[in-house]
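Shared chain: subunit A. Partners: subunit B in the first complex, subunit C in the second.
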Partner chain A sequence: MTLVKKNLGWVVFFAALALFPLVVTNPFYTSIGVYSLLFMAAATSWNMFSGYSGYIALGSAVFFGVGAYTEALLSIHWHVPANGDLFWLVPLGGVIATLFAVPIGWISLRVRRHTFVVITIAVFFIFQLSAINFSFTGGSSGLALPFITWTATDFNNPFYYAGLILVIFITLVSAFVRRSRFGLQLLAIRDDEDRAMGLGVKVTAIKITGFTMSAFAIGCAGAIYAMFQGQIYPQFVFDPTFDVSVALMVFLGGIGTLAGPLLGGLVLESAQQYLTATYSNNSLYLLLFGALFLIVIMFMPQGVVPFVRDKFTKRGELERAAVAANDVSSPSGMTSGTPTEVTA
Partner chain B sequence: MNATALLSAAKDGILTGAVYALMATGLTLIFGVMDIINLAQGTFVVLAAYLSYALQVHWHIDLFVGLLITTPAMFIIGVVIERVFIARLKGPDRTGMSILVTYAVWLLIEGTLDLVFSSNDVQLQGWYVPKSFTVGAIHFGYIYVAGFILAALLLGALYFMLYRTRFGVSVRASLADQTSAALVGIDVKRVSTITFGLGAAVTAAGGMIYGATNAFNASSSYDLISRLLTIIVLGGMGSLGGALLAGILMVFVGDIVGVIWSPVWSTTAYFVVLVLVLLWRPQGLFGKTQARVA
Partner chain C sequence: MSTLLHAQGISKSFGGLKALQNCSLTVEKGKVNGLIGPNGSGKTTLFNVITGYVTPDEGSVTFEGADITGARPDKVFALGIGRTFQLTRIFARISVLENMLIATQHNESWVKGLIRSKSTKSEVDNAMALLDFVGITRLANLQAGALSYGQRKLLELAYVLVSDPDVILLDEPAGGVNLTLINNIAEKIRLLNQQGKTFLIVEHNMEFVMGVCDQVTVMHQGSSLTSGTPSEVRQDPRVLDAYLGGGDDDDDDDLREAVANV
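So, the complex of A and B:
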């Protein structure tokens, strides 16, 4: 695949996604499609901050949950008619999630990145417990959204296309960020935060901005999820496995790349949905999932997309040559032939 | 609210908190020495509890006697996991990858436990588990007191090993600076492997006490790991004394709020304390600030 054809690949990919529910009309598969799209959007958004900056956030379910509760609470209290109007609340879910991200980022981004990981987990549990304990969130019995009465045959399609629009939107944003000055600053933070600071990057402001931006699409995904489910429970929208799943999708596909999170989200989420629907046995699924991750991490630590790119494409060859010429490490940070000094 | 209730909360904080501190010490040791965040620590605790359970049900071995078997077993499991998976991780993204690898290990162990023991709750039994004695107006459960003594002994042994033995010097040197430790001739790889084994071994006692005082199943690991992680963040990552204090503080704050307000809010209250401490000291109570933001 040459660089010229590359954009063609994107067009084909999104066109295929757009045509999918028209070709496959079985609701079983289109509902798997909806979940996959939501996770593709969340993974791309997560990658836009954590992938570019190297700050692994494991609390993204906070934004997913806030988006879901925003959608549920507003649709109930504003008496939004149970039809397409519900979709207008989705961006609001994203905005509220973004607002929540500002103080969270401010608290958690003042420490080095290893502690940051753990603080994001702690913040996540605060939100989960609050959703269970507060009365306005409906407690552990959750909230029921206005009941949508569409015909059963194409019930999934509006959600599917809302998810697709979200995926395209966040992919474009992520691509734009990657090429922008702001994106370069995030990458500089990942490669060497102190040097970036020394060169005049306002690291704290950049990190908080990136973290906040990544909350929007995850919040929107949560809002769509809430509508699609029709009923939300605190333990399912503030779900610890969501936190790790999103990170794993990105690592599987290729952290810091554009296609990686989309691929990881598509493969993992559809596999997960299919397996849970087919086998009710939870433990079997856990074993399969765990084994798959270990294999990928041990043999393709940089993710599938960079692995394939490095092995089979021209760009990979150029990069290998650059590495051989003792240049700086390649974008994934893991493929470098020269071991980078780890500052303890 | 009355004085007895407060004293009782303080007692719980110290007795139960010490057990959590023991489990968190394993986690903070592993992080300090190896820069590895072991997400599987929670599932190690559950695994250890199930090992005690299996010994008890199938061979009628007492919980405390069983520790003589489960502790070395957990040590070996830890060493094998470190050798097979963790030691292979290299490069600048090692810590990030360690989260994923240990999460995968967690899923494998949880899946296996779920398959073998089903998802029904179990609790470890012993004649001493339901018994308690009373001092003043405060009840002391035998198992809680025993857990505290066990945790104190093991923490004491761990401290002795770290501060009074040659191996302890190597561990602390690796904790301070891996590169320099390697330069003065310390086998950092070996120290890392043994540290991971020790971190897993302390969950044998921790898991046994946890299993005797709580009903548990394979998915209890989520609750455990969230508590253990927040303990080491509150105490300061890599700080052993911090883990001890934070473990006690976690249970203490939760119980106090449970007494004067409502048990519903006790865990939330602890997390709020955590956030407040982090606002004041981002590196945790005893964490060291770093010259370089690595």
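So, the complex of A and C:
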């Protein structure tokens, strides 16, 4: 019970998400909910590696696409019946994406910072081009999944709850990582990789593990997306704007935090879906996003969640006091001991 | 006294620059060993070679009789060689206590880190005791980036001590801090040395070196010039030449004075 009390905010948040499709039954809104949940899961998973370690990966769409194609190919070739059984393939999509992440991480994590970003983008385009040109992926016409014949009113809910389970799962994993020794080492790598190495952190192993772990939930999200769409195209599942969106969601909410990616994913994806559908004018949401980002960058460059935390919590207060007192170079503990003269 | 750490005939070039040329260094067990020399004489490069950050072109490094030449930094640290950096390096965006906990994993498999929590009670107690030792306990829960330069120096010393290394390499522990803190750091080094810790210290503050070191090695242009007790070294005319011959090196004003005033 104390666990529930301690995390009351989280319980309320996830309960509200779970109740949403029961209260709002309009398929227009629940389908926005499905997309939002998938992006919340992807952003949380991306943050679990890139946010904690500081290695900004812009090739996560590879895992999304691999998950989507795994779902499509397996459901077609294994003749999975077009009903709830399709959901059993979702974890497989995650596993295959994770397997792909091992060699990608092994190669791209040999370099740092900007070079790493460029390498991940390059890897992404290799995958996109492969999906367009190979015959087993259906080429540029993509693949059609088994057609699910649920009624329009009930269609969205299974996908919505699958997405919600994924979000809860990856949030728990991310919280666990943040509290684990492994997570501490990722944070150490973010702050100063060479120094961490000099304190015994096995940086290569830690980085590849983190990178690989973050692929799983993104692959699962891709698999759910493929089912939800019923038809996938290489340019939409291997989509460069997916990478940018996920990164922006995390930056907006607060990189390295637990609530930030969820908030960013929820706000940005639902706003984008809503505006695109309502005004059928693609450039309007971009205009609003531009304004939103300007505001965030100008007033809370760390993101919304760290801004609120630092502004209103005790911990933030302490830190501001310490920063203000920074010019005092000697800590209080020092004057207590008698300083001994150093004699030549 | 036995030799704990030994560098033999180390050479290292960066492009056309010969940072180290046939440089040798012996660190005696249980002593405070000093390493001095004009700026650019290769002291930090030698540190980097010993701790695995730089692979030497020639020569070997042995620690307790075992060859550790070219071993990775994390391996070197796990063997019992801790170091600090000239420009103090801490982990700015995690708490001071979390900084202290990073080194606790040095002797366990990284896979174990996936399933265990950040720290055990005994690890936290040990970290707090060490923070108390350097006098910054009250800052434990602050983000380390909020610390002043002097406090960072103390934190860097403390988190290296977490793994209980046999030898600690300090790169300019007295650089850029006020006199009170210099004396404080010197006192900590003496205390730790009494507890059996071996030190290798790079320092420009001659008063500090003469005050804490039992043994001093002088480097000049990438090679070790001479080695001996502090009083032997400062009477060596070659040492005076090395410093005074530098001419254009303004940073060594205090050194020149200190050496010449003997």
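Everything that follows uses one rule, which is that the second predicted complex is superposed on the first by the 313 of 344 C-alpha atoms of A that agree within 3 Å, B and C clash if a C-alpha of one lies under 4 Å from a C-alpha of the other, contacts with A are read in each partner's own complex, and residues count from 1 in each chain.
Here, contacts are C-beta pairs under 8 Å (C-beta built on N, C-alpha and C of every residue); 3 or more make two chains touch, one makes a residue touch a chain.
Nothing here was measured: the structure is a model prediction, and the numbers come from that model.
> Looking at A:Arg181 after the superposition, I want to know if it touches subunit B, subunit C, both of them or none. Which is it: first, second, both, neither?
Touch partner of A:Arg181: subunit C, not subunit B.
> For A:Phe251 in the superposed arrangement: first (subunit B), second (subunit C), both or neither?
It touches subunit B, and subunit C stays clear.
> Name the contact category of A:Asp194: first (subunit B only), second (subunit C only), both, or neither.
Both subunit B and subunit C are touched by A:Asp194.
> So, A:Ala291: does it touch subunit B (first), subunit C (second), both, or neither?
first
> Looking at the overlay, does A:Pro301 come into contact with subunit B only (first), subunit C only (second), both, or neither?
first
> Which of the two partners, first being subunit B and second being subunit C, lies in contact with A:Val24: first, second, both, or neither?
Neither partner.
> Does the superposition put A:Leu129 against subunit B (first), subunit C (second), both, or neither?
A:Leu129 contacts subunit B only, not subunit C.
> Can A:Ala144 be said to touch subunit B (first), subunit C (second), both, or neither?
Touch status of A:Ala144: no partner.
> Quick one: classify A:Ala205 as touching subunit B (first), subunit C (second), both or neither.
It touches subunit C, and subunit B stays clear.
> I'd like to check the shared interface: which positions of subunit A are touched by both subunit B and subunit C across the two complexes?
On subunit A, the overlap between the subunit B and subunit C contacts is residues 194, 197, 329, 333-334, 336, 339-340, 342-344.
> Show which residues of subunit A lie in contact with subunit B when the two form their complex.
54, 56, 58, 107-108, 110-115, 117-119, 121-123, 125-126, 129-130, 133, 193-194, 197, 240, 244, 247-248, 251, 255, 282-287, 289-291, 293-294, 297-298, 301, 329, 333-334, 336, 339-340, 342-344
> Taking the complex as given, what residues does subunit B use to touch subunit A?
31, 35, 37, 39, 85, 88-97, 99-101, 103-108, 110-115, 119, 177-179, 218, 222, 226, 229-230, 232-233, 237, 264-265, 267-268, 271-272, 274-275, 278-279, 282-284, 287, 290, 292-294
> Would you mind writing out the residues of subunit C in touch with subunit A in their complex?
By the definition above, subunit C touches subunit A via 51, 53, 72-74, 77-78, 83, 85, 89-94, 98, 101-107, 110, 112-119, 132, 134-139, 141-143, 146-151, 154, 159-160, 163, 177-178, 180-184, 186-187, 206-208, 210-212, 258.
> In their shared complex, at which residues does subunit A touch subunit C?
Residue positions touching the partner: 179-185, 187-188, 190-192, 194-203, 205-206, 209, 256, 315, 318-319, 322-323, 326-337, 339-344.
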